[in-house]
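Two complexes, one shared chain (subunit A), two partners (subunit B, subunit C).
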Partner chain A sequence: MQITYWNKEVETADDSSLKSLQLKRFKETIGWALQTPFYKRRLGKVGINSAYDIKSLDDLKKIPFATKDDLRQNFPKGLLSLDMKDIVRIHSSSGTTGIPTVIYFSREDIDNWSDLVARCVVTTGAGPGDVFQNMMTYGLFTGGLGLHYGAERVGMTVIPIGGGNTKRQIKTMKDFQTTVVHATPSYLLHIHSVLAEEKIKIDELSLRKAYIGAEPHSENIRLKIEQLYGIDAYNSYGLSEMNGPGVAFECVYKCGMHIWEDAYITEIIDPATGQALPDGEIGEVVFTNVIRRATPLLRYRTRDLACIIPGKCQCGRTHRRLSRITGRTDDMLIINGVNVFPSQIEEVVMKIPEVGTNYLIEVDKVGALDKLIVKVEIYSKMFRGDASQLDALKGKIKDELRASITISPSVELHEPGFLPVSEGKAKRVIDNRPKE
Partner chain B sequence: MAKQLNIFVENRPGRLEAISKNLHASQINVRAFTIQDRGDYGLMKLIVDNPNKAYLALADLGCACALKDVLAIRIPDKPGNLHKLTMALAQAKINILDAYGFVIQSNNVGVCCMEIENLEQSGAAEIVKDAGFEILEDEQLYEI
Partner chain C sequence: MKIKQLSVFLENKKGRLFDVCSLLGSNGINIRALTIAETESFGVLRIVVDKTEQASKLLSENNFTANVTDVVAVEVGDKPGGLAAVLKILNDNNVNIEYMYGFVEKFSENALLVFRFEDAQTAADILVKNKVKVVTKQEIEGL
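For the complex of A and B:
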């Protein structure tokens, strides 16, 4: 197999040079972090008041874990370490409680991130001459722009089509002879089902590779996509707190995702005790970002469960490999690639006076796509007896949910007493999607 | 002004049975009813002999229901009278949200029309006949 590198020196660095690069960047990051109100307090408490207090990578263990709540409570500028005039990009995500989280990027940060994504692209064997159709959503979500910058840097021809509009996706793939796509696995399966309707055969396309990410999927789903399209599909991992896509990516051997450890110091911990787990054991993935000047984030708990795959990869890269994400430590749902917390839905529906105290969230698989159904009870005292009131209520719930979680669920109205009561541990989420 | 009882009901088996059971328990006499279908739910609309009592009976059980004022208009049973009424409303640009009609005969026959899913395959007609009811053929229905 032909192996190509974007930055061979770093990608194949031996353990001691990788660790010394990590230490150098970790020290720099501590210096940046101490310029933020949040880390000045937090690091001061554990005796870190300057970058000189860091002697070795072991000092990382002194630093308390950071969580999504920390990002929310310090919104908007508690973790900003630069003047706003040095910020060139903001990415933000909706939070579970309506308070968003934000990540700031300097010009250099965008440059570093793009370089890591370029590394991912080259790792899969893609490069100049490839036509890259980026089907991931652009905007505040990092998935679209992240891959876009990396692919351009490598010299691919980038089609920034974004998500949705399946017929146009297919036409574009055909018109420009797209060779590489980036999408959620469910969307690729959906597109395949529409190809037949559009009377387009696979051999009319020039597809060779797909980057699949933003939602957990099984090896079977990958194989299915590879067989349906006759291509190679590579697993992609990232999260906006660690810049976005490009944290870990599969190489041509497709046996786990290389984590770019020069940029992201990785720990796997027992989510209950916080203790480090050895390679091969599944636990919560924790990252320290050591390449972002504007928003330092240390020992961030991703809530993703996975393990480090022990052993060396045949591709020659020394960076350790992350397994597929096997689950979450919280109740987050991933609906067609979009992260949704049940608490976001609860907050919206419970604010509406015509809705009673009970609700239920159901997720189904319809064809290849996820379907979110939100069931609520009518609050009998607010009912005026008109069908128009019910229609308006349904519309209102739908609109407000879309504003909060960015996807549009179907809404069902139910009689009072139909749904499980809210006292005690009522089951509020029913996920009917097949587990593979 | 006449009161009509509007009840929010989900479209699933057993809901009308539950409502009629509760009305029966409160000795409510139903004079007319119709259902406004909205897909996965509907509104059951009732004219009953004691609207307030019926409302309280259902509301106490947690039903989402409400009493609405309705225009109860007596129309002589002759061709053209419905048109005469609707023309008057149309000329006044009055929009009718929902309406239903029923004919009461001196021999006191009430007619309930039901829409049954998969009527042929369900065997509903046989079940109704077996329960001792007469099913009216369309000619009979017109002659009532």
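For the complex of A and C:
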């Protein structure tokens, strides 16, 4: 198999070179971090007051883990290490769960990130001459822009079409003979079902590769996508706190995602105790970003569960491989690539006076797509005896949920007492999607 | 001349209608007229019973979501044109019907029609003035 590299020296660096590069960048990052109010406090408490206090990579262990909550509590500028005049980009979570989170990028940060994404693209064997249709959402979400910059840097022809509008996606694939797409697995399966409706055959397209990510999926789903389209599908992993896509990516051997360890120092921990776990054991993935000046983030707990795949990859890259994400440490639901917290749904339905005290969230797989069903009990005293009133209530719940979580659920109304109330903490979420 | 109708919210679940009817039946409450408004995921049962207050209390005690609404019930001859005659009066007097349903009386030659109007009292007055037999609360209870 032909192996192509974007930065062969770094991608195939031996263990000691990689570690010394990590240490150099880690020290730099500590220097940047100490420029932020958040880390000045936090690092000071553990005796790190200057980059010179870092002697080895083991010093990383002294630093407390960072969490999403830290980002929220220090919103908007607690982790900003540069003057705003040096910031060229902001990515932010929508903040629908409350306080948003924000990541700032300097020009150099964008440059470093793009370079990592370029590495991902080349790792899969793509390059100039490829037509890249980026079906991931653009905007504050990093998925769209992240791949866009990397693909452009490599010299692919980028079509920044963004998410949705399936018929236009198909027409675009056909018109420009797209060779590489980037999308959620469920969206690719959905597109395939529409291809048949549009009477377009696979051989009218020129698709060769797909980059799939932003939602958990099984090996079977990958194989299904590969078979349906007759292409190679590569798993992609990233999160906005670590810039976005380009944290880890599969090479042509498709046996786990190479984590770019010169940029992201990776630990797998027991989520309950925080203790490090050996390669091969599933735990919470923790990253330290050592290539972002504007928003340093050290030992960030991703809440993603995965393991490091032991052993070497045939492609020659020395960067260790991350398994696919097997779950989340919290109860966040990923529905067609969109993160949804049950608490968001609760907040919406409980605000509606016609809704009683109990509700249930159900997630099903319908064809290739996830389906969210929100079941609520109606409040007896608000019932006026009309079916039209109930229909209007359903519509209202649906609209308000869509405004909050961006996806449109189906809503079911139930009589009081219908929904199960378990002792203590009620079970509010039933995820019926097949695990494999 | 208004009478009371009970509306009961029924979720789309097997045996739910039976639950309501058997609860009423075992407590000696007689259903005089009945209809169901249904959507794809739930239904609203509308009934006129002989003992409305008792039925209403019973339903809420048993965790049914029920509501009491004013309706007008009329009796017409159970023969062709019976309903049309009533509708003509309403039409001529510009009275809008929100919904209606009919029931055939077992012990008489008449059919019972239940109407829901925006303004039940005005509609009832018009019907009475036009010599339509409007069923009274006492009659419903006595039957």
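Everything below uses one rule, namely that the second predicted complex is superposed on the first by the 414 of 436 C-alpha atoms of A that agree within 3 Å, B and C clash if a C-alpha of one lies under 4 Å from a C-alpha of the other, contacts with A are read in each partner's own complex, and residues count from 1 in each chain.
Just so we're on the same page, a contact is a pair of C-beta atoms (placed from the backbone, for glycine too) under 8 Å apart; a residue touches a chain by one contact, two chains touch by 3 or more.
Predicted model only: the values in this text are computed from it and were never measured.
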**OP:** Classify the contacts of A:Asp399 with the two partner chains as first (subunit B alone), second (subunit C alone), both, or neither.
**Re:** neither
**OP:** Check whether A:Asp279 is in contact with subunit B, with subunit C, with both or with neither, and answer first, second, both or neither.
**Re:** neither
Original post:
Given the touch rule stated above, what does A:Glu219 touch, subunit B (first), subunit C (second), both, or neither?
Top reply: neither
**OP:** Scan A:Asp270 for contacts with subunit B and subunit C and give back first, second, both or neither.
**Re:** neither
Subject >> subunit B and subunit C footprints on subunit A, overlapping residues >> reply: 378, 380, 383-387, 390-391, 412-418
Subject >> For the subunit C and subunit A complex, residues of the former touching the latter >> reply: 5, 7, 9-11, 13, 16, 37-39, 41-44, 46, 60, 63-69
**OP:** Can you check the complex and tell me which residues of subunit A touch subunit C?
**Re:** 378, 380, 383-387, 390-391, 394, 412-418
Original post:
Once bound in the complex, which stretches of subunit A touch subunit B?
Top reply: 378-380, 383-388, 390-391, 412-418
Original post:
Where on subunit B does subunit A make contact in their complex?
Top reply: 6, 8-10, 15, 36, 38, 40-41, 43, 59, 62-68, 97-98
